[in-house]
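First the structure, in the form of structure tokens, and then the observations on it.
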Amino acid sequence: MNFDALAGVLLIPAVAAAALAALPGYRISARLNVLAALLTFATAVSLFVVQPASGPYLLVDDLNKVFIVLTTFVGFTTTIFSASYIGHEIEAGRLTPSFVRFYHAMYQVLMFAMNLALVANNIGLMWVAIELATLTTVLMVGIYRTHEALEAAWKYFILGSVGIGLALFGTILVYMAAQPVIGEGLNAMVWTVLVTKAAQFDPALLDVAFVFLLLGYGTKVGLAPLHAWLPDAHAEGPTPISAVLSGLLLNVALYALLRFKMLLALNPSALAPGPLMVTLGLISCLFAAFMLYRRRDIKRMFAYSSIEHMGIIVFAFGMGGALANFAGLLHMTMHSLTKSAIFYAVGHISQVKGTQKIADMGGLTVSNPVLGWGLVLGVAAIAGLPPLGIFMSEFLVVSSTFAREPWLATVLVIGILVGLGGLFLRLNAIAFGEPRGPAAPAQASYVPMFAHLAIVATAGVYLPPALVTGFENVARLLG
Amino acid sequence: MAVTRDLALQFAQMLVVLLLSPLLTGFVRKVKARLLRRQGPPLLQPYRDLIRLLRKDVVLAESASWLFRAVPYIIFAATWVAASLVPTFRSGLMFSWSADLIAIIALLGSARFFLALAGLDVGTSFGGIGSSREVMIASLAEPAMLMIVFTLALVAGSTQLSTIAAYIVSGAAGLRVSFGLALPALFIVAIAENARIPVDNPATHLELTMVHEAMVLEYSGRHLALIDLSSELKLLLYVSLIACLFAPWGIAAPEADAQALALGVVSYFGKLALGGALLALFETAIAKMRVFRVPAFLGAALMLGLLATLLLFVSGTL
Amino acid sequence: MRGNLTFDIAHLLAGSLVLVSFLQLYQARLYALLNIYALHALVLAASVAWQAFVQGAPHLYVTAAIALVFKAIVIPVVLHRIIVRLGIHREIETVVGVGPAMLAGMGLVALSMVVMLRVTPGADPLAREDLAFALSVVLLGLLMMVTRRNAVSQVVGFMSLENGLVLAATGARGMPLVVEISVAFSVLIAFIVIGIFLFRIRERFDTVDVQALDNFRGERR
Amino acid sequence: MTVVYALCGVAALLAMAPAAIALSASARSTATVYGASLIVTLTLAVISLICLLGYLPRSAVTLPLGLPWLGAHFRIDALSAFFLVVVNLGGASASLFALGYGRHEHSPQRVLPFYPAYLAAMNLVVLADDAFSFLVSWEFMSLTSWALVIAHHRVAENVRAGYVYLLMAGFGTLALLLAFGLLAGGHGDYAFDAMRAAHPPMLLAGLVLALAIAGAGSKSGVVPLHAWLPLAHPAAPSHVSALMSGVMTKVAVYGFVRIVFDLLGPPDWWWGMVVLAIGGATAAMGVLYALMQHDLKRLLAYHTVENIGIIYIGLGLALAFRVHDMPLAAALAFTAALFHVFNHSIFKSLLFFGAGAVLNATGERDMEHLGGLIHRMPQTAFVFLVGCVAISALPPLNGFVSEWLTFQAILLSPQIPAWGLKFLVPAVGALLALSAALAAACFVKAFGVSFLGRARTPAAAHAQETDGNSLAAMYFLATLCLLAGILPGIILDALAPVTQSLVGSGMPHQAGLQWLSVVPIAEGRSSYNGLLVFVFVVLSGSVAAIAIHRLASGKLRRAPAWDCGYPDPSPATQYTASSFAQPIRRVYGASIFRAREIGEMPPPGSLAAARLTVELRDLIWEGAYARIAGFVGFAADRLNVLQFLTIRRYLTLVFTALVLLLLVLAIWP
């Protein structure tokens, strides 16, 4: 396989990981980290210019191009944020240089794993990649070595492993379904081959396979009731990782689900994956919305909001149809950007206030106006208030659903409303009222946060036609 | 020619109501006194009172504001205009179309609004009592009045007094249940609006049950005179309103000649006398009621009015 | 596929794997459980080897070897050590009694049979039966994880689940990456065991659990 | 072309928001922002007025924004032109007022950026011509006003008010979203033209009506969705309260009219009844709530609820007339509603400005702590009085005219053959009359207690007259009140194209009539001439004054108040707001508010003060809102358990899910 952008997306992080593992001194390594992420992002963008041919192991099509660019972009901005964040952590003495080295290396490994999962043309390879991503995040969640962090990591690890197991079983079943048609060997695991023959696969096998894949990868997506690992992993890991988890890893797992959904959709006699996804989506949305009300830990709260939005996205894809799929893609993109922006803000806030307890922060718009209003803007965005991007996708999801399935739409609307209530209940406590806690000015890099929010704000009122056509192609792909 | 004649008649009407109103009050007092076997003040006593008050100079409370001094004129003007728009001896007056029945009620409403404000202006407890009770009474009396207006308007297909009167004279209306309901309602409202027994007692002070007198307690001199005059105008207005709505016979038509006009004037005097006598009779026959039984009293009027309106809505003929 | 005998033997091996899973569910003492697990791994190794022979896929022998060496010998011994070192007491605390657990297991096996036999007969029967058994092993493993309180027995549950996966993978004719996957899983298991050792998880996962941290953070209401 | 001008104005307003943030350091920021928004809104008002009068073309434009395959449609037609006038007139006067009032703002950086954005949002709602732009602007309006409500966020109750407001706004927006989803019929054509073309079946249309009432109604504050309004409106800075009460509720009414009268097609027989009933209930409940208040701004807010009720009564009548195609009557009712929209926006802004001036001068919103302000701030008192007379629907001011028109419309309704209406309409008429009378009572209380009498607190005693800009704004609105009251014919004619376009007929042309009087249907039937009434009153009043001062005595002596010989120097002996309302509370409150008066009379000889406590209960809040909140809390607590399970239990969850799904597969046919 000659070196093209596709290989670049994988090789750059891999090389960077090796280098970072070798490099001492966090300043230089932080810069290298940013540089590598930037390069990866650039190569990913170049995929739009020249689309490399897809081989038996790797492929690029409209679907994963969107995901890759999103992943690499958020990955890039997160490295900028992480540079200032980790700097503060080292000064605060919460992390030792050796751990920071490990952290940076792991970060690039994670990037590598996620990109691999996205470009993998082979369901087995994809599975391996996602397992790798999971394991790296497990290690990074536990990086603070505090009791709670280890707890969270362990929980994540156990539940994740079971999820991995289920997903593997599903993958094997898909192979079993494909093997009689396509014949033994590698081909029976290659997407590009599978989709061509999917119509002749054994539907019953596909059904069972999808159940296992839904639960296996659904665990990674964080769908209720498989979500248990997610809030703690977000709350206890370093904030950049929370951002990456919410912003990217969930998407990658979702991407896997979508692939298999397409496979089932191609087979006429297999069960429609829609209803399952819709049900899980609604459950997650409602459940997470109610969970928001009793949260005391700011990061955990936003973790739950991620669950809620993953529910909405899965719901949208489950509904299917051009409009809903488009909305789902848009919502996913907007959610990644917004949620990571929020976590950037939260990271700095918790560093300023020296705590993650909502009760101990307050009047943030007074003590740290920029952070405070940034957070308010982010929450407004995540709550689906215009003129921010998520409003558009929610508009499309709800209004397109209501005409088809009024009751589902109503339930979804209730979920959204309850979620709004929960978010702002806490936001009022954080951002307004008499300022509480230390008000030291944060030495923060606001650029990533506001860059994301700016994109989200623009997208709320204007989507560039190129993006739209891209999304529409993907939506058509998803059927 | 016609215009000048109309104009003349319009102003004649304004003068008539202005000059007659104290006489009516005096007449009512006289009749009441006679019914109580008393001699009573002479018929012209109200005029004397007014003139005496006008001559005296005003004693103004220190805490009174400019509003307090403006209110008497506002009240007087509003009431006078309202009274001069009600057909008395001749319908279809020149400016009668400038305000229909609803507008007349509303004019009286604004008069009351300012009077209630005046009651609060000096900042004494009595004034407060007066205004708060006044607005409570009004809050029931006005809707009742509007319901009555609805009744008549629905029958006559108009809210113009002249048109209603003409319609009823023409006999097309005939005798109707809804009128039977509306008349007592209107009577109750009139009693309440003019602060007569049993709702209020125009003749007393220093009674915790008083309403109107409590509001004007701080007034003196010309201000008091104007206020008295406007309440007398109001009494006249209501009597002539009842007369014009329920006994419009004899009112001269717009195109009437001199002798018809004369007849109209005579019949108008007759109606006033009758109305005043009935009012006096009623007042002597009944006792003042406690303030918090007034709502029930007025509520009855409201119910009657609403019932009449409902009947008309449900069937045009009742 | 060649004749009936191969079929029967594969069938036999897979079936006995399920049987051993039941035996695991039945155990009340840790050491016994470990031994049974060793047996489980042994049977797996055998069936994998047989599959390798049947499919003529030499690389599967590697998987078999891993199963034999790593799972059937190393892991049980290590766990044995840990039990001794951490002084974990030997009883297995169960959530539901052995009886109900067995019944549930029966139900699960039935369920997996039904689910799998819905598969259109067109598919390779050997693979089909194999899959049914593999699925039941997986489910039984999960059941074990769910109904046992001790960390060790839960780990054992997870490992037997994973055995089921390997069985399925090897049952799938000519499936690539099987070896890699089995290796990866062995690594995973190693991680878990190390974790148990590092975190001094004596009794159950619960002792190191989010409860503690939530009490700590006062989120419990 | 017109719409482009309008959009340019909106863009200018939007551009002001970041500018305000940039300026927030400088001292001149307040003057700059409010001055600029004054200019822009004034221009917009003029443009839209010209457009409404038909001298500018009514045009539409599509921008490459919003939904990609749809674009953002904007349009000015008669209806939106009228509402643009209302919005920008309010905006202009508020900006003028704020030029003075805003100087006292202690945290301007929390007001200035959002204020122009808020104005822009309201304009955009009226301009929008497709569902997406409409909803974006609608919710953006809510968002900005929310930020303004919590501008003084250190007061906990303001934040709470903002919270309730935001939730209700979200609820409303989602309801409208569903409504548009139905109108668009699922194939993603969200342009209003398409919705006009495709009429949904009657049942669905009814659902849309319900959703429109839930969405637009909650924003305009119809009972029982009004709960947020009296919380949020007073919390904001006064000029913003004026905008929220005077203008934003009207924008909500616009939303309702746009959906129900324009997009939804021919009405069903029961729509009019529903809207009428809601309107009547809203009017009566609103004014009764208002009577029980002694917080000046909250009282005004509740009166907004009442007036919205009156507007909805007019709209309901118009719907009813439309069903039984009586276009003339429908035009009359609809005109009455729109005219009241205009009037209320004027005098409610005026009153809130007055309240704001008082707040500035005394730092008090509670009427029990005011009194005697007429001596200290005579001009504010005068304009506030004008506002009070206007809102109490008393001639010769504008409030009376619109209510008079509504009454005329009611008097036409017996000709409707529907039986339900025959019972409903008189009842609603009675409610309307009742609310008018009670409104008068309430404003006697509002003005009398806070401006008349003697000062109850030092704050009130030492108040200073407010500044020139604020006074200018208030005088401007007061003049409008008078003009609209004595020359209503002009406005009615201006409204004709709106009614023409929405109910298919206009009221008879008024301009030609003698003496500029108003004749809704026919001369013989009813007519009103505010001008003449006004002239007569002024003439006779001044004649009387002159005559008396000439012929009789004009002398005047000051002396202590007589008070039946028992004058009491302490201002505490005056009637307070609550004691003034006591008779009415006894008449109406017992049933509606479960009002209870508990008097503690100390035994003879004890020196303890006797006290009377009045307790009122808001049954709507307790019945609906508190319950819902309770349920959410309950569910949250129950579900919160899931945060604290052990890993084994989480695995059980996964396991159960798996088994369940497999079972589904197994039993799937």
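Letters are used for the chains, namely A, B, C and D, taken in the order the chains are written, and counting of residues starts over at 1 for each.
The definition used in the following text is that a residue touches a chain if its C-beta (ideal position, glycine included) is under 8 Å from a C-beta of that chain, and two chains touch if they have at least 3 such contacts.
All values reported here derive from a predicted model rather than from experimental measurement.
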Steps in the shortest chain-to-chain touch route ending at subunit C and beginning at subunit B: 2
Comparison of A-C and A-D (more C-beta pairs in contact): A-D
Subunit A-subunit D separation of Cα centroids, rounded to whole Å: 44
Approximate Å spacing (C-alpha centroids) for the pair subunit A, subunit C: 31
Approximate Å spacing (C-alpha centroids) for the pair subunit A, subunit B: 78
Centre-to-centre distance between subunit D and subunit C (centres being mean Cα positions), rounded to whole Å: 69
Per-residue multi-chain contacts in subunit A, two or more chains: 154-155, 158, 162, 208, 294
Numbers and ranges of subunit B residues touching at least 2 other chains: none
Numbers and ranges of subunit D residues touching at least 2 other chains: 637, 640, 643, 645, 647, 651, 654, 658, 662, 665
Interchain contacts (touch definition) - all pairs: A-C, A-D, B-D, C-D
Touch list for subunit D against partner subunit B, complex: 371-372, 374-375, 378, 381, 385, 389, 392-395, 400, 404, 407-408, 410-411, 413-414, 422-423, 425-427, 429-430, 433-434, 436-438, 440-441, 443-445, 447-449, 452-454, 515, 517, 523-529, 532-533, 536-542, 544-545, 548, 551-564, 567-568, 571, 573-575, 579-584, 586-587
Touching residues (chain side subunit B, partner subunit D) in the complex: 54-67, 73-74, 76-78, 80-81, 95, 97-100, 102-103, 106-107, 109-110, 112-113, 116-117, 119-129, 131-133, 135-136, 138-143, 146-147, 150, 153-154, 157-160, 163, 205-206, 217-218, 221-222, 226, 291-292, 295, 302, 306, 309-310, 312-314, 316
Sites on subunit D touched by subunit C in the complex: 637, 640, 643-648, 651-652, 654-655, 658-659, 662-663, 665-666
For the subunit A and subunit C complex, residues of the former touching the latter: 124-125, 128, 131, 135, 147-148, 150-152, 154-155, 157-158, 161-162, 164-165, 168-169, 172-173, 175-176, 179-180, 184-186, 188-189, 202-205, 208, 232, 236, 294-297, 300, 357
Subunit D-facing residues of subunit A, complex: 154-155, 158-159, 162-163, 166, 207-208, 211-212, 214-215, 219, 225-226, 228-229, 231, 271, 276, 287, 290-294, 323, 363, 365, 380, 383, 385-387, 391-392, 395-396, 398-404, 409-410, 413, 416-418, 420-422, 424-425, 428, 432-434, 460-463, 465, 468
